[in-house]
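Listed below are the structures to be examined.
Each of the next two complexes has chain A plus one other chain: chain B in the first, chain C in the second.
Up next is the complex of A and B:
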């Protein structure tokens, strides 16, 4: 068994990764609550944005700042467009059908990415990764700080936004019952568009951070969303605060297993294992079996 | 339910037929004739028309159509979406390779054993999610697909090495995974595969036509209604999952013996999603749809490669296909697709009926 000293660097890695998972998780839960769509293309959108930024910096001579903005905006625009085009026709369908439809978007983006950029290894370094500080002999860079800090800020502001603003209240109302909300005069489509845009921007930002923390590879970034999905599943697709905590736990467990050599190579199975355990606990509550989207 | 069984029993008592042979309507008889003719064509004539490369492609198509049928049983019949079927296929291939290297069991026995072991593993995984809503099953199977990819990357496939994992890096191990004695050459193995796949299709068809099929239809249409009608929802969901895993496991064993050497790269997580897309495009509700899906998965990439087009086009096409299928079937694919197919089938049947009596009169 490794000593505590061996674990220390991985606490930082875990918190940073957990932070990005939380960002994605919050984006997924807010969108699911407001529109009933579980966006499985969340990772693919971020990956495409990150590769686009890489392309602009390395082949089109853009400065880093604008390229990063393009990455985040790309996430917002693509997600919003998908929402506007495919949201309304699928609105009345089963949540499962809506989720499967987003796999269509994921496949289109995956195919386009591997066509345009092939599977070569690339890297993108945020300026914040080159600077850091030391906490008890562990080097912490600012990207890691940003990842965790941003996740905390986003989770809290989203929580406050949903609680105290008119738009947020409308989103919560939509989450409860779309028909009744529409009858009450809430502009349903406009509220949904905001949810799509917001979660899309989060997808772009998360893609940018992940490309830095994990690596710039289309398939890896696309399927890293599995970790965030595990967090949302543990939170039963409801509370963003539980999602945040679950995401940090997934990130931490994943990272802290690294120094334990006997199981180190299996660490990426963490989301599956944690989600299965959570499901076993959840499935004790039978009433969920009959309601797809209990309020 | 009871009354039907009794009628069937009395009928079988009178005619001396076994109770499990379904009474066939005229449409069924025509369908059975068409299927038999097609099967004979594929078994006897097709291999002589194809070069070695295309025979191998067709073997893969047959194997993947069984995987697609497994997903069709889950999605089209029972309304369960699994995003991890390729992972289960990989699991089946792993188990089969392990059995081939560890034992000298005859090939058909290995096929059945692999199916059963994969069935147990697949069902255990699905168990916690089956009691929750379908979205959770989709999520947990997607995670399973990711997890199995991770596990296989580390353990690799057995290639005749020692220990439980049976993988050795040093040499090529004990050589290729063996094929059945009667079907060692590619063409013979193609025929063998088609026969096994046809049996699996028959197994699925018998399920769909019998009590499980009716229970699945009830569950798919409305779980509360099925519950009220006395259908044991968890049991039949589990049954569907077990059947799909069994079929996918056998397909994995066929695949293992087909390629001889298994590599983790052949089972990317992405393929589970591509499979879902192919099955949706092929038609989740029909037996034919599974064959179309198998062709989309394995024949189309070979064709694109032959024409010098990038395989990534196919991924994009599948993405567009998913959206198209879901959008243009507003009542749900589960309702729309069989109706289109039924209309088409009625059209064809009408044509056949016009032609057949004319011939009978002439004869």
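Up next is the complex of A and C:
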């Protein structure tokens, strides 16, 4: 068993990765609550944005700043367009149908990325990764700080937004009952469009951070969303705060298992195991409550 | 349409136009990406290499071959994420060059290759199709993940001596297969040797967690044992999702006097190396090594200059801007005939070119006009002492239970966005039993490599 000294650097990497999972998770939950769509293309949108930024920097001579902005905006624009075009016709369909439709978008984007950029090795290094500080002999770079800090800020801000603004209240109302909310005069499509846009911007930002923290690889970034989905499932697609905590736990457990060689190679199962355990526990409690009520 | 509807429609149009502008930037730059790939797909490409003369492809410069075609074929992996077609398209380019310059005694080479998606049934079917329907008389220029494993018994039964460049152990461990490269196991051996020479007192060896890793792991284990250097082996799932943690794990395992050696595809190796850089780990071990896949300019460019001279990469083939005659002809052929070689200069096209050269020498050695399956494969088997500056030592086939004619390698390292030679040719350790067996075969018949 490794010593605590051996574990220390993994705490940093776990917090950073968990932070980005949280960022993605919050975006997924907010969109789901407002539109009923579980966006499985979240990772692919971010991956495409990151590769686009890489292209602009390395082949079109763009400065990093504007290219990063394009990456984030790309996420917002593509997601908003998808929401505008496919949201209304699919609005009355089953959530499973809506989710599978976004899987279609993910596969189209993944195919386009493979076609445009092939599988050659490339990288994205954010300027913040070149600077850092030491904590207890562990180097922490500023991208890791941003990843975690940004996740905290976005989670808290989104929570306050949903609670204290008219638009946020409208989103929460939509989550409860779309028909009644529309009857009350809430501009449903405008509210949904805002949710698509905001969620897409988060996808772009998460893609940018992950391209540095994980690697600039289309398939990896596309399917990394699974870890975030696990966090949202633990939160039962309801609470962004629980999503945040679950995402951090997923990232931390995943990282802390790494030096334990006997189980290290199974660590990719972490999101599934945690989600399954959480769902079983929650399901058990619900049954208990129902049984108690019946009795 | 109401006012609100028109507003939304206008918004959609504006967003669509904006997206189109962004994507058109991407589309136009795709061309430059292809250009970049053409100039940097493989090992180092320094400025202005010597211009080659493509008339050297054949024996009758400028005379098109018009006789009965000699049919050759191959099977190549092409699937999402794995495209090995550059070897076959380069072989095709060289055959076209040969055909434009006299062919084989006036006979053009007709080349057909099929792509497969790692489906054994499909691969076996394609092998039968090549022989029974296409009537090919030689299997040359293939590069596949599992073709050797699937087809080697079939080739042996037919008396076919395949010239391929594969990944499966059967490409290097069976009597009817010989490759211009040495495959991941022996390349990992070479990378471990380089890391130890650079001062590593312990090796942390990591590779992707895919079938066949046990076979590869045995090589570095044998090499380090012979060097009295402890080794700790790891397997990590790909695609790697947390490179930072893996980099920390490897550096902790190697220790400050140790070395880390990677055997991954370029994108995965890059993730670990970059994570090590960002975590400040690059200088916390004595040396970093990588097997041949890292030997591409894409990796060197992506890593930046921080790894210059620090990362030791085993190179089974010479750098692509080498000045020798074969390297010069290779570049000339690619320039004039290689429009379909999407990766351009690089290890895959070097292997395709070399394999095509081997078979052309074999065909030219046939007396008379008998280009049957039997005569062609006998000629292929008899190829020996083929001198090429693309390999460290002469290539050969010969009659042997296994073939690893490429068993002497270079070490390269990144240098300002390119891979350059760090160590000249050195023998892969014969502590690896298969290499020991091959050296015994070479010692028994020195004519294979030019001895007497």
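As a convention for this text, the second predicted complex is superposed on the first by the 284 of 295 C-alpha atoms of A that agree within 3 Å, B and C clash if a C-alpha of one lies under 4 Å from a C-alpha of the other, contacts with A are read in each partner's own complex, and residues count from 1 in each chain.
By our rule, a residue touches a chain if its C-beta (ideal position, glycine included) is under 8 Å from a C-beta of that chain, and two chains touch if they have at least 3 such contacts.
The structure presented is a predicted model; accordingly, all values stated were derived computationally and were not measured.
Of the two partner chains, neither chain B nor chain C is touched by A:131.
When both complexes are overlaid on chain A, the residue A:100 reaches chain B alone and has no touch with chain C. Contact with chain C, but none with chain B, is seen for A:217 once the two complexes are overlaid on the shared chain.
Of the two partner chains placed by the overlay, only chain B lies in contact with A:229; chain C stays clear of it.
Judged by the touch definition given at the top, the superposed model places A:16 against chain C, while chain B stays out of reach. Using the contact criterion defined above for the overlaid structures, shared-chain residue A:90 touches chain B, although it does not reach chain C. In the superposition on chain A, A:279 makes contact with chain B only, not with chain C. In the superposed model, A:74 lies in contact with chain C only, and not with chain B. Using the contact criterion defined above for the overlaid structures, shared-chain residue A:55 touches chain C, although it does not reach chain B.
Across the two superposed structures, the residue set of chain A contacted by chain B and also by chain C is 114, 219, 223, 265, 268.
By the touch rule above, chain A contacts chain B in their complex via residues 38, 40, 86, 89-90, 93-97, 99-101, 103-112, 114-115, 219, 222-223, 226, 229-230, 233, 237, 265-266, 268-269, 271-273, 275-276, 279-280, 282-283, 286, 288-293.
Touching chain A in their complex are the following residues of chain C: 8, 11-12, 15-16, 18-19, 22, 25-27, 29-30, 32-33, 36-37, 41, 80-83, 209, 234-237, 239-246, 248-249, 252, 265-271, 274, 278-280, 296, 298-299, 302-304.
Every residue of chain B that touches chain A in the complex is listed here, in rising order: 79, 81, 83, 125, 128-129, 131-136, 138-140, 142-144, 146-147, 150-151, 153-154, 223-224, 227, 233, 268-270, 273-274, 276-277, 280, 310, 312-323, 326-327, 330, 332-333.
Chain A contributes residues 2, 6, 9-10, 13-14, 16-17, 52, 55-56, 59-60, 70, 74, 77-78, 80-81, 84-85, 114, 116-123, 125, 129, 132, 139, 141, 143, 189, 212-215, 217, 219-220, 223-224, 227, 254-255, 258-259, 261, 264-265, 268 to its touches with chain C in the complex.
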